[in-house]
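The following blocks contain the structures, represented as C-alpha cells.
Next come two complexes built around chain A: one with chain B, the other with chain C.
== the complex of A and B ==
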C-alpha cells in the first residue's frame, strides 16, 4: 500500500491498517496456543540480593548514589532530575495500553549481595556467570568464538571468528567487563558507567545529558534520577575500535526496574560498533525498564549501535512482561559523522522506543534499521526521529514490523528538516507483515520540512503472510514453522544484513522462536 | 505407484464448500507418464492440490496411495518428503529469499523427514550448477529471490529446476506449458524427459495437446466434472485437439 505522498506538513495516521477478519480459524487457534515455554531466557537465578528501600524518594536516590560512591555533582544532578520528574506527567500519545504504573512498588536498586564491584572475573558469583553462560554470553577472557554456521548458502571461506568485548549488567550493577586490557592498549575506554564516573569524571561530566537532557521526557527524567548502571565507551581520536563492544543486560530480581544509562563518545575520526542484548526471567508482575542511551559522534566519527531486545513479553494472556520505555538518541555533532541504529525488537510486553539521530554536523548521516516483532498480546510503538540541522545531511529509515497473534505493532517516525539544512535528504521505507487476522499494524510517519530543496522519499507497504507462499514452501518440503521463519527472514532481510554477522544469526533464531505457534 | 480410488473432494469452507472431484479413479504405475486433459473447470488444478494436501481442499471420500501408503493423512511437507512434487501453474514469489537458499532449505528439510543427512554445500552447489546449465538458467538468477521479477517462462523453468534438484518420485505438472514460448517449452520438456525413469511416475495436467508432443504420455485421461470420463493412448490427445472436448465428452456421456 502506498502512503500518501505529501511531505511538507504534519501528517498523522497516514497509513493505518488494522486487519480484523480472519483468513482461517486455525491460524487464530495456533496463535491462542502460543505458550510461554517459547521464551528460553525465562529462568531466574537464585542469588542473595541487596535492594534499595522500595519505592522512589530522595532517600532512594541518595542510597543509590552512596552505593556507587558518586561525587556530589552527580547526586545533585540526580536530585534535580527527580524534582523535575515529580512535576511531569506520563506520556499517553503512544498506541499502547497498560495498567497505570505504581512507581512506588518498584525497587530502584538491586545488586548481588557479595558486592557490586569485582576485582577480577573470578570474584563474580558463580550463579551469575552461570546465568550468562545459559544465555550464551561468554564472559571469560578466553578467545570468544562466536562461530557461526549455516546462513550462507555458498561455501564461503570460513571467516575469522570475530571477538567481542562484553560488559554484563545484572539488575543494577555491572558484573564483568572483558577484554579491557586489550582495549586500553588502543586507548579505548570501555567500562561500566559507575566506574567511569570515578575514573574519568571529566569525560562523563562533559557528555552526560548532552544528548538526552534531564528534562527530555518523563522516562528519561526518571532514568536521570535513578539510573543504576550501564556502559561507558570512549574511543579517542582516529582510533578504530579493534573489536565489537557489547553489553548484556539481564533483569533478574523481582519487582525491580532496570534503569541503565549508556554513553558512547566517538572522538574525531573514530569508529566503534556496539551491540546490546537484553533478557529477563518470566515473572507475573510487569517489570519496568527505562533506559537512556546517548551517542556522540564528533567530526568524521562513526558509531554503529545494534540491539537485540528479547525481554520477557508476558504470557499469552498478556500477564507479566517488561515495560520497555527507552530513550535512545545519537548526536552527529561533528561534520561528516555517522550514526547507525539497528534494532531487532522481539520481546517486552510494551515497547516505547524511538532511537533517533540529531544530524547537527554538515554532511552527517543517520540511519535506522528496525525489525519489530509482536506476538501474543505484545504492543510495540517504535520508530525513529531524524532531525536534520546541518547542510547536506542524509538519513535512511528502513522499518520492518511483523505482527502475529493479538498484538499491535506501530511504526512512529519523524523526519524534520530544519531551515539551515540545505539539500537534506531522507529515504523512509516502512513495511508491515501480518500473520493471522487478529493483529494490527500501523504506520505513523510525521514529516516537518522547512526547505524547498529537501529530497524526501517515503514508501510503505502492508502485506499478509500469504497462504499461497506457505503452501508453496510446504509443498517443497518445509515444515510449517520453518516455512514461516523462512518467509519472515526474507521479509526482514534488508535489516538483518545491517547486523554484525554473529548477531544476525542470533536475531534470525530469535525471530523463529518469537513466531513459533503463530500459524497453524 | 500412485493409486486414486473413487476420490471425492470439496473446495471452500463449510456451507460454501463445493464438490469439485466426483468419484475419480486413476492409477499411474511406476515408469509411466499419464496426461490429464480437460476443459476449464473440470477440476484439474483441484486434483493437483488435493494430491499435495493444500488446506481448503477437503477430501470427503475415497483414497489415494503412493506406493501403497495412504498419503491423504499426511501434511504437505510429509508428502513432499515421500517424493510428491507439484510444478505449480502459477509459481509463487517469495521476496527476500534467494532461490538457492530456498531449495537447499527444502532439500534438507525433506532429508531430515526421511532421516537422512543434510547435503553438503559443495555437493549442493555442484548439483545446482549442472542442472542450471541443462535448463539454460543464468547462475545469477539463482541468487535472486524466488520468482520475484521472473518472466513467466523463467518461473516455469525454475519449477523444473527445483524438481530436478529435489528428485521426487512422483511428479505432477500443472499447466507447465502455459506462458512458454516454443524454445522454453523444448527446454522444459527436455528437463522433464530427463526425469523419466522406471521408478518414477508422472501426471501431466494440460489444457492443450502441444506439450504432449514433447512429453510423450503412456496414457491420456479426459477429466470432466471431476471424473475421468475417457482414457486412451497418446492419440487421444490429438483427437481432442481436432474434435474439441465437446465432441469427445459428448461421445462418452
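== the complex of A and C ==
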C-alpha cells in the first residue's frame, strides 16, 4: 500500500499519502489543516530584548532571581534545585528521539527591554499588544468585553459573551494581566508568579513545590532552578471564580527556553476554570519549553484546566520546533475535590507531557481528556497518571491520538490504585488513528491495582461505560463500531465545546475527527 | 575474560557473581560468550529497566542457593504416553528410543541466539545450559504428524537449573509440547525456541507450580512461517518470582497464534506473564486471552505487546485481553497491555480489566440458593477456565488444578 514500497522507517520520501479506506475524510482534512505550512502563529515580533548571559550556571540563576527582585528563600530554593539537577540524568524512556540538548546554548531569561510589568495596558509596547492581537488574544479589557471581532453588537450579547481574564507571558516575563481589579473584588488572586512572590509570599511559600517537588524529574528540577514567569491563582473559600482565567504563553526570542511555573490553589468549595494557550515563531533551531504546573484543590474544590498547545512543530522535514517537556500535576488534596485536565495538542516538535492527578482526598475525582494530533516529523509521548490514594476516588481517561505524515504519537498512562483506596474506580479509553502508512501510533498503559474492590476498565470494555446508550444505538440499527464512535465522539465533543472560543480555534477544527478506521 | 564480563555488571550481587563464576567454568565457545555478554550487559534485570519494573530479579535473587523448603508439587501433566525430557540441577535425560518423526540432536556447542539483548534471562539460559560434558543445546526436529506429545519437566532440588531447547517443526508437521516447571532449584532459567515452518502446527501447554522460595524465568522464542498455527496455554501459580515470557514473530503471511494464560497467585507468590508479538508479515492473526485470580499477599503481573512494523505489518488482526480478579484485599495485579503500530490498515484491540467478581452474577447465584463461598468458587473457576479452553487434551488436567487451588 505504500507508494514507495520501501521498508525503511525514515527514508521514504514520497509525498502522496494513501489513506486507508474507511477513514473519515473530514478527519484527514482536519489533520491536514494542522500541517506546519498552515501554522498561522509562526511570525516573530521585532522588539528590543534583554537577555541573561547565555548558558546555565549559578550566576544565571542569581541573575534571574535578582531581575525578579526575589527574596533570599526563593533564590536558595532555586540554587538547591540547580545543584540537584546537575546530578540528574535526562530521561530516555519516552518513545521520542531528538538530538542531545546543549543546555549551555540557551538564554534562560529574555524580556522586553522596556521592563517586565507595565503600570497600565497603555504602557505595554505596541509590538507586544499587536502580537497578542494577531494571535486573537485581547489584552485590553474593553475589547475583551466587546469581543475582539466586534462580535457582541448589542448590550445583551455583550453580557452573554463569556469574559476571560488573561495573563500574557512573553518569553520570560508576564507583560499584562487583565481584569485583576474585578477579580480582586471576588477575592481571587490572579497575577504572575513573580508578583505573587512579592505580594503573597506566604501563599507561594506554602504551596510552591508541594505538588511537583524540586527533585521530581530532570525537567521539573531544571524548571525549579530557572523558572521565569507563569501564573499564580488563588481562589478563596467558597468562591466560584466569576470568569475564565487564562494564560497565553508566547515564545518569541531566538535561542531562548521558556520555563514558566504555574501554581493554582483552589480553597475549600472554590471553583476555577483555567485555560492555557501557547504558540511560538517558526525558527530553524529547536527551542526548549520546560514548564511546571501545580494545582491544589482543597475540600470540595474544583479546578478545570484546559490547554490548547500549539507550539511551532517544526517544518515538514523536522527542522526546528519546540521541545515541550512539561510536568503538570494536580493534587486533589481535599475530600470531594475534582481536577480535570483537557488538552488539545497539535504543536511542538517533541512532546513529553503527562498531566496527572493525585487523588488524595476521599471521594475526589480526576479526569483527563486529550486529543493529540501529530503531523510532519512530530513526536508526541503524552498521557496521564491517576494516582488513587483516597477512598472512593474516581478517575476517567479519554485519549485520542491521531498520527499523520511521518509522525509518532504515543499514549502513555498510569492508573495506580493504592492499598487504602477503597472502592476506587477508573475508566480508560484510548483510541489511535493512523493517516497514511508512514506514521506510528502507540499505546502504553500501566495499570496497578492493589484493591480487590476497585473497578478498573481499559479500552475494549467501552460498552461498560454506557451499556444502555450502546444498546439504544444498536437497536436503532447502528453497527457496534458506529455506535461506539458516535457515543465517544459525542462525549469528546462535549468536552471541547466547553473551551472558550478564543482558545478553541484549533480545537474546533478537530471536532470533525472520527473514530472510524481506528486501529485500537 | 570473565574479569571483563564482571565489569559489565554494575555492582554485582552475590547471585550475579555466582553466575559469572559458573560461566567461567564452561568450555570456551564464541556463541556461548555472545549469549552471556547479552545477559551481562545489564545483569539481572531490575525495576529500573522498562519491562522488568514489576518483576525485579536482582532484588528477588540476592544469592543462588538451594531453597530450604522447595516446592513439592507433583507433575499433573501425564507423561506415560509422552516423550519425556527431564531437566534437573544436575543435568538432563531423555528417552532412549524415539518414535519416527522426532529426531534429537544434542549439540556440544551452544547455538547462536538472536535478539538476545531483548531477552536477558533467555540469553542467560542459553549461556549456562549444558556443561563440560553435556550438550549446551538440545535440538529437536519434528517431521511427522501423528506423534506423541513431547513433555519437558523441570524439577529437582538444587541451586540452579538451566536449560535450552530448540524445536524445529518441519513443513506440514504437527506437534504437541508440554512443559512443567515444578521448582526445587533456587533459580531456574530456560529458553525454549520454536520454529514452525510452512503450514506446521504446534500446541504448547505450560504448567508452572513452585514453592515460595523459587525464582524462575522461562523464556520462549517462537517464529512462525507461512500459514503456521501455534497455540499456547499457560497455567501459572507463581513463586517467589516467576516470569513466563513469550516472544513470538509472525515472519511469513497468514500465520496464526493463540496465546492464552491463566495465573492464580496465593500469598507470597508472584507470577509474571509477559508476551511480545511481532507482526512481521501481512495478514497474520493473534488472539490473546489472559485471566488471573489473586489472593491476599499474591501479585499477578501481565505485560502484553503487539508490535506492527511499517508496510509488512499490514492487515494484521490482533486482539489482546487481560482480565483479573482480586479475590481478597491485599492482592495486587499490575498490567501493561501495549501497542506499537506503524501500519495503518490493521486491527489491533486490547482490553484490560481488574477488580472483584461481578456483583450481579453473585446475586444471581445466591438467589438460586448457592452458598456464597460456592458461588464465588464457581464464578471464579468459570472465569479462569475460559483461558484454558485451547489446551486440547490437557484442558481438563489444568482445570482440575485450577479448581483445586480455588477450593482451598
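Everything that follows uses one rule, which is that the second predicted complex is superposed on the first by the 410 of 520 C-alpha atoms of A that agree within 3 Å, B and C clash if a C-alpha of one lies under 4 Å from a C-alpha of the other, contacts with A are read in each partner's own complex, and residues count from 1 in each chain.
We adopt the following convention: a residue touches a chain if its C-beta (ideal position, glycine included) is under 8 Å from a C-beta of that chain, and two chains touch if they have at least 3 such contacts.
As the structure is a prediction and not an experimental result, all values here were calculated from the model.
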**OP:** Considering only touches as defined above, state whether A:182 meets chain B (first), chain C (second), both or neither.
**Re:** neither
Original post:
Now for A:443: first (chain B), second (chain C), both, or neither, which partner does it touch?
Top reply: second
**OP:** Figure out whether A:432 sits in contact with chain B (first) or chain C (second), or with both, or with neither.
**Re:** second
Subject >> Partner chain in contact with A:93 - chain B first, chain C second, else both or neither >> reply: second
Original post:
Is the number of chain A residues in contact higher for chain B or for chain C?
Top reply: C
Original post:
After lining up the shared chain so the two structures overlap, which partner does A:458 touch, if you call chain B first and chain C second: first, second, both or neither?
Top reply: second
**OP:** Kindly classify A:216 by the partners it touches after superposition: chain B alone (first), chain C alone (second), both, or neither?
**Re:** neither
**OP:** Please indicate which partner A:477 is in contact with in the superposed arrangement: first for chain B, second for chain C, both, or neither.
**Re:** first
Subject >> Partner chain(s) touched by A:268 [first = chain B, second = chain C, both, neither] >> reply: neither
Original post:
Considering the complex alone, what residue numbers of chain A touch chain B?
Top reply: 24, 26, 153-155, 466-469, 471-480, 482, 486-487, 489-494
Original post:
Can you list the residues on chain C that touch chain A in the complex?
Top reply: 50, 54, 309-312, 314, 321, 324, 326-356
Original post:
Where on chain B does chain A make contact in their complex?
Top reply: 52-56, 75-77, 80-81, 85-86, 88, 91-98, 100-107, 109-110, 113, 121-122, 124-125, 145, 162, 166
Original post:
What part of chain A is in contact with chain C in the complex they form?
Top reply: 1-2, 5-7, 9, 19-20, 93, 95, 419, 432, 434-461, 519-520
